[in-house]
């Protein structure tokens, strides 16, 4: 019998080795898998390469990983934490900055067995021409640059070749999930979560509500269980997040 | 006010010119937009290039278009109608045969602004090496071949470059839809419908049930209205299709 | 957030002039008149966020947020704030009737696939070739978000900005000196002084704001453009 | 649908032999023993469709159909037939507990992205390099469906077939003469006579069916392979 629900979060995520590449869902704190991130921190994982849209404006989630010095490299479109940039300019963490749509599509592509695709986003900019510094030396001089992208013209416009991302692990947060790993997200907390879940070789999902199998109608599942390996229940939302109303959204 | 519902099906689809490229949803007769297809036939449209997974095992839908001689070219993975092959081998209709997953991904890519992508499907086969005959002369000799694909090795495996498909029009069938064009599909009748809907420059949707706006929860919409231009109500299902039970599927 | 077209020290700035042209709200109001019923629209930060307040009655526009919201309504009042429903700026929002939610890949499929009628963005600089610089000031913290996807994918890219920067320097330039967001992507520019359209690759002055002369626009613009005012102007 | 390993006229066929080895159901039954709890599995037509009947108790397998079904159950009885719920062969089906539906692009994302543990397919020919030919007989009507995606994407490609064709010709060959579905993709072959695994790019005989000798397998196989029977065999 397939039963992906696990009680012991720490035991589950302890299979993640330091140095792993981890895709993480969420947009800011919306849909961010804090329980799983905290578990990785509590277990002392280090040298991580995160693929995540935001670093976050607070010291929860990815922000916690950053201030605890657990990050080696971040692939993101919008890191906004000042402390992140301090570490980046000091040569302590690398930044692979990519357009948000390219990030979403690279995760989907990796999960879908598409190794590379052409996109117009970022063509002719410093994010694709080899001039963006993705890592600094401790003295503040550039240590390395994002590689220049292969370009090709389609329909008269320049496009760049981008690569699918397959992460060693993925951390996903869902509103509801069942023991088969079927997940459903709520409003814009969906965002990058299904894509991170597709891109992970091994995907952990934390759910706000563990529901009975078949409570989710087959047509209402946003990410089917075939993409999910382990399901845990999310710890209560941190007080820094607004309280979620249960009524309908106007 | 946005109101995409139209009463007069013939007036709506008459904007499709003969010679157009049309993406069509459905898998066999499941989710096939027969009302829209019949309207195109009734209007006498000809020389059409269809992008559709199946030609179908009956003379409804695409099969009707075929026997009425309305097709110039078919891009498909599994045409199974003998009459289609008769026309193909007689040089009356072209066949671009592509793997089913490549067809689905090419439609999504076209709808997503991805002009081309690499896939392992079909690498090293006659569908990608330039030997498949996509059109015959009336005397039965080959007139043209599918172009050989550009190949590239990723992760030690050969991949082929495939192009996104943007169709002039798309025909989609949904279970429920509202006047904003938001659609919801039922069970495996979803199949190619969302992808065809994304790939069309102009997308027509026929719905079994026209529902009030907001009857579909924002999280339950399978294809948002931004991809849909016109909504019509499907005519009652043809008697050749099994009657649909209204009860739950076991 | 108030406009300051004059500056004490910047040498290339025009001499301190009487305050002319549109306010920031006025720019948003003027732009809103050009939105058509049924448009799917994405708004950047700054002046663009003011546009929805000025959309004419009878014109229904679907607001898209990069994080997967179609049919965004106004910001949510505190008692309805829900961290599961935010805009691309991470502010709690409401939904309008007929809204739909998609994942981030589908959200950008909408953007890149040409399903967005217009994206309305602020700008640091716009060049006479339609290049846009609006994502990064060298030396500051780099973050790009969806800006490059929006300008690459939307059918139209309308810039809403003040005509000159805080030092009085023109923002419409012959070539951008700031890092580009995209090349040849801008289709219209709405400023406090004027409205420009790009047609056939050339920048064209289509309207001056009330009380603004073509000469003043010329004086405060560092880009080459064609004057095509009055009857020649057609959206 | 019954097996005929001998033929009247085909010269390279072995001499009329007593009927030995597994039946078609027997092939399916043997293969089913190798499925593991939690596997996501896609079934081709022919012998593969018989596999689910033989899955051991306590082993839960998720059946995937190309048209977007995860958790396919048995065919639907006529009174429950629903044209909105069919398998990839367009037959009305049922769903098992925990089923999910996806669109065709996501369905093949599952296939190509390595989320399918195994696809079980019939074959016209399998070569000693693991090439598979199973989609097209030249001169007939070409149709490919999802075959090429399945062999390119699934983690494992298990072939279930009769060891020789109706004319008695070996189907395990040095090189396929029929059009390929994919190269170097087959990982196991289950026939009426034997079980083969591909390991490190080499075909290896791992088991003979009850009553079948290694010599008989050798005689009816036109592919080069390593004999690795008994204790050496390990899945």
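What to note about this one:
As written, the chain order gives the labels A, B, C and D, with residue 1 at the start of each chain.
Methods note: contacts are C-beta pairs under 8 Å (C-beta built on N, C-alpha and C of every residue); 3 or more make two chains touch, one makes a residue touch a chain.
Small disclaimer: the values here were computed from a predicted structure and weren't measured.
Within the contact network of the assembly, the step distance from chain A to chain B comes to 1. Contact count check for A-D and A-C (C-beta pairs in contact): higher for A-C.
Farthest from chain A in terms of Cα centroid separation is D. Chain A and chain D have Cα centroids separated by 37 Å.
Per-chain CA centroids place chain B at a distance of 30 Å from chain D.
Averaging Cα coordinates per chain places chain C and chain D 58 Å apart. The set of chain B residues that touch two or more partner chains comprises 105, 108, 112-114, 119-120, 186-187, 190, 218-219, 222. Shared interface positions of chain C, defined as residues touching 2 or more other chains, are 95, 101-102, 105, 108, 111-112, 152-153. Applying the touch criterion to all chain pairs gives A-B, A-C, A-D, B-C, B-D.
If you check the complex, the residues on chain D that touch chain B are 65-69, 73, 79-86, 90, 92, 94-95, 101-105, 107-108, 111-112, 136, 141-149, 152-153, 179-183. Looking at the complex, you find that chain B touches chain A at residues 105, 109, 112-120, 152, 154-155, 159, 184-187, 190, 218-220, 222.
Residue ranges on chain C touching chain B, taken from their complex, read 37-38, 40, 58, 60, 62, 64, 70-71, 95, 97-102, 105-106, 108-116, 152-153. Here chain A touches chain D in the complex through residues 1-2, 108, 110-114, 178-180, 182, 198, 213-214, 218-219, 221, 224-227, going by the rule given at the top. Residue ranges of chain A in contact with chain C, taken from their complex: 27-31, 53, 57, 77-80, 82, 85, 95, 97-105, 107-108, 119-127, 132, 158, 175, 186-195, 222, 237, 241-242, 244-245, 249-250.
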